[in-house]
Amino acid sequence: MSESSQNLPGTPLSEKDFQDGLILHSYDEMQARYAWDTGTAIGSYLAALKEGFLLGGRCSTCRRTVIPPRVVCEWCFRPMDEYVPLQDTGTVNTYSLCYVTWDVQRIREPEIPAVIEIDGASPLHGILHKLGEVDPQQVRIGMRVRAVWKEPAERQGAITDILYFKPIEEA
Amino acid sequence: MNERVAVVGVGWSGFRPVSPDLSYKEMMYAAAVRAYQDAGVDPRRDVQSFITVAEDFHEGTSIFDEYTPDQLGAVLKPMHTISGDGLHGLATGYMLIQTGQFSLVAIEGHSKASNILTLPQITAYAQDPVVNRPLGLNSDFIAGLEMNRYLYESGATLEQCASVVVKNRGNALRNPSAPYGADLEIGEALGGPRLAWPLNQRQAAVHADGAIVMVLASEQVARSLTAQPVWVLGVGWCNDSYALEYRNWSQAVYAREAARLAYRQAGIRHPTQAIDFAEVDDTYAYKELQSLEALGLFRSGEAGPATEQLATAADGELPVNVSGGSLGMGNLLDATGLGRALEVVLQLRGQAGARQLNNVSTGLAQSWRGVPTASGAVAVFSN
Amino acid sequence: MAMRKVAVVGAGMTRFVRRAQETARELTWQATHQALDSCGLTLDDVEAVCMGTAPDAFDGVHMKGEYLSDGAGAWRKPYMRSYVGGGTGVFVPIQGWYHVASGMFDVCLVVAEEKMSSFYPHAQAAFLTIFDHTTERPLKPNLLWIFALEMNRYMQTYGISKADIARVAVKNKRNAADHPSALLGDKNITVEDVLNSEVLAWPVNRLDVSPVTDGAVALVLAAEHVAQRITDKPVWIEGVGWSLDTAYWTNRDLAYPRYVEQAARMAYDMAGIREPRKEINIVEPYDPFDYKELHHLEGLLLADRGQAPQLLADGVTERTGNMPVCPSGGLLGVGNPIAAAGLMKIAELFWQLRGEAGARQVPGQPKRGLAQAWGDLMQVGTVVIMGR
């Protein structure tokens, strides 16, 4: 493939071409709405969130405690029907300071997504959530954190019933 | 390489209009655990490759492939997704085994149509975004156009299409897994709300939820697992033009070409003699007639009269859609072809209960991906 | 066990651009046309077509594979689309491989296309929907999150610095200056440039990331007896491997891509490779973010865990080094039209192993190359080993 760029197909356009009205295009917005059945395992997880606690599952074959719960252990392919209430504290496994929202808006104060290993679950078993009430520059892998919950009346049975996780104060 | 391939296990969950007690993962697991039990295999230890058929917009998740391994026992194994019908998945499994590198493969497909709140809109998003979609038509119009032309060229009648509905929904009454069994008269099948004339709603399969898993094995492994392997004699698939503007509006060319590929592998020169029974596409009632002709099971224009004369009834010369087809079992989205194949396998094993056909040795399953596609697949099985 | 040999006999690609005037089908056609031309074949010679393309959400077209079929030459032919997220570009040649190795087809077209620019306001927003709809999406996660989380874990676990990682972006963007299709080739970029670029999601900076891109690539695969007639320089597919890890990505350690190792082992076994570090002459690992190249080199068992940065620092991975990595310029340099990007790496190996890579040519007549892609939620490894 020793051709020059000129010979290759593919015509680049710029945003300006669109703004200047030079490009014929059509615009549409998708109507894509779903109502996903949560089933037994996630349904139980969500119900627990509404009650104000984190629920895990346990596989008696490989003896892992996982979160979120699931009806089958993906390693053993054995049914997992033991639900285990977990604590709402954990350890930051990894985190980021994100200055861009999902729809590409710039923000001043970073969102702090993190994978938090939940106390009571097996090591390296955590959930995705966000950190709050913390100076972004102080966040560390290994930091101990606790969930901050919505008021009971405001909870819906969703992962957002936890507002964020914040650092646990040193005793 | 070129060892024969057999179905050694089947399992399913469903089929029903809604399935609120099961998440899609739980439904897939329910089908998988039954299929593996049926095959006598442990997926973690024995199954070497996994294939799932799915479309992102049917799931409401991009890269749906992500969410497939855990509930099938496929974690950290060779697994991939085919954006196609279940029979495309089956053909893929067949090819994998024929490479000689795999001897036990699992295929999965499911439908959670009940969870898609805007299914007609999403189906419309499969139409060409620039030249077709702006017309703002419910995609069934494409089936209406095709049905109209098919009737015109083949001479088939509305009553003959209606007789497909009567037959299939009647057959479904004897299928404990089929939700839409009904004892209809031709007049009832012709009546009811319009859809896209000449198509009326009762001629369009209603959706259902469900999951199906099949386990395929190479001949050597199959013989060690079961005394009743169901051989896959041949597979074929084909895409005709996607563009509506270039379509052949009366013939299911994709089905004709898919069948040609499958028959060639199966060594079938005369399908009418070789095929004992068939499970074919009836997403819309006319499709059964059109597909039968494309498959070479009836000459052009003859499927309609033959159906009317009960040649394709359960006790006819060529039973078609004894399971109830999509009209009876429900439109299972991408799993539809696996639904057709499931019945063929059960019949060939003698496990079809009240629907059991006598003395069948070769069955054909055929599927279509639905509007607006011209894409489908065929598989031929024998016991 | 005797396996039917499959070769790549032709390849073609479009330029990779930020936003192409061509529609997705036109891009597909252009690449397919180029690939057929490159080996003097026509559609009549093609027996089956395999398509790889990633999220339908980018195009706002449901069943996107069907929409693209005409452009890929699939009229009245057996056609299937495979889809394993970002891994697709290196999976679709595997799909082509099993089409031919099964004995069902002798000549198969393998096509990968992506037109991400259709999605407004920015293709990145479409990635919201890859996250679990119930347990994660309500948090409004961002594609950058998952990479940043992994990058941070990787850095922390092995004590790797951003500067160590930035060297990958520099190497690849410099390499890409020699690629005619490249979007981001830059002969003069430095580590400082990367470190000073805008922080998107710490530790990820703008120049650590490959951009949203449109493009298409196509290959022609043929069975041995046919390949010999088409070209005197067939490039054989010697090994393939793929592996999909659990969707529960927060239940895993992100510091090591074990799914890449699984895929690599499968491919090495098939190719009969015992000492990959000695036997692989060129590596094209997937580099959507710079740290990924290092992460994947370790998963491919081409570097010890945490040690890939040392290879980079020692110059081993330069084009003139002992184990050139991403001589094409990779995704960071050429661009990242998801599925097409992976297939671009296969095309690169095809040209490199035939001595046709022009200014990018790795010296010393390389005999064997490995291409790898990654995808899904840090889940999929796809590997292809090619050789002369």
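A, B and C label the chains in the order they appear, each numbered from 1.
Note that in this section a residue touches a chain if its C-beta (ideal position, glycine included) is under 8 Å from a C-beta of that chain, and two chains touch if they have at least 3 such contacts.
The structure presented is a predicted model; accordingly, all values stated were derived computationally and were not measured.
A.B. asks: What clusters of chains are still held together by touching when chain A is ignored?
C.D. replies: Ignoring chain A, the remaining chains still form one piece.
A.B. asks: Which chain has its Cα centroid closest to the overall Cα centroid?
C.D. replies: Chain C is the most central one.
A.B. asks: If you tally contacting C-beta pairs, which pair wins, B-C or A-B?
C.D. replies: The comparison resolves to B-C.
A.B. asks: From the mean C-alpha coordinate of chain A to that of chain C, what's the distance rounded to whole Å?
C.D. replies: 26
A.B. asks: Using mean CA coordinates as chain centres, what's the chain B-chain C distance in Å?
C.D. replies: About 33 Å, centre to centre.
A.B. asks: Using mean C-alpha positions as chain centres, tell me how far chain A is from chain B in Å, no decimals.
C.D. replies: Once rounded, the distance between the two centres reads 36 Å.
A.B. asks: Using the touch rule from the top of the page, what residues of chain C touch 2 or more other chains?
C.D. replies: Within chain C, the residues that touch at least two other chains are 60, 127, 133, 246, 248.
A.B. asks: What parts of chain B, by residue number, touch at least two of the other chains?
C.D. replies: Counting only residues that touch two or more other chains, chain B contributes 57, 60, 69-70, 75, 122, 125, 129-130.
A.B. asks: Can you tell me which residues of chain A touch two or more of the remaining chains?
C.D. replies: Touching at least two other chains: 28, 30, 34, 36, 38, 42, 70, 74.
A.B. asks: Can you name the residues of chain C that touch chain B in the complex?
C.D. replies: Per the stated touch rule, the residues are 1-4, 23, 54-57, 59-70, 74-85, 91, 95, 97-99, 101-104, 126-127, 129-130, 132-133, 241-248, 258-259, 262-263, 266, 270, 375-377, 379-380.
A.B. asks: For the complex, give me every residue of chain A touching chain B.
C.D. replies: Listed in rising order, the residues are 26, 28, 30-43, 70-72, 74-77.
A.B. asks: Could you please specify the touching residues of chain B with respect to chain A in the complex?
C.D. replies: 19-27, 29, 33, 36, 42-44, 57, 60, 69-71, 73, 75, 112, 114-118, 121-122, 125, 129-130, 133-134
A.B. asks: Please give the residue numbers of chain A that touch chain C in the complex, ascending.
C.D. replies: Of all residues in chain A, those touching chain C are 1-5, 7-15, 23, 27-28, 30, 34, 36, 38, 42, 45-46, 66-68, 70, 74, 93-104, 110-111, 113-115, 124-130, 141, 158-160.
A.B. asks: In the complex, go through chain C and note every residue touching chain A.
C.D. replies: Within the complex, chain C contacts chain A at residues 11, 13-22, 27, 30-31, 34, 60, 120-122, 124-125, 127-128, 131, 133-136, 138-142, 144-145, 148-153, 156, 180-181, 199-204, 214-215, 246, 248, 250-254, 347, 351, 356-358.
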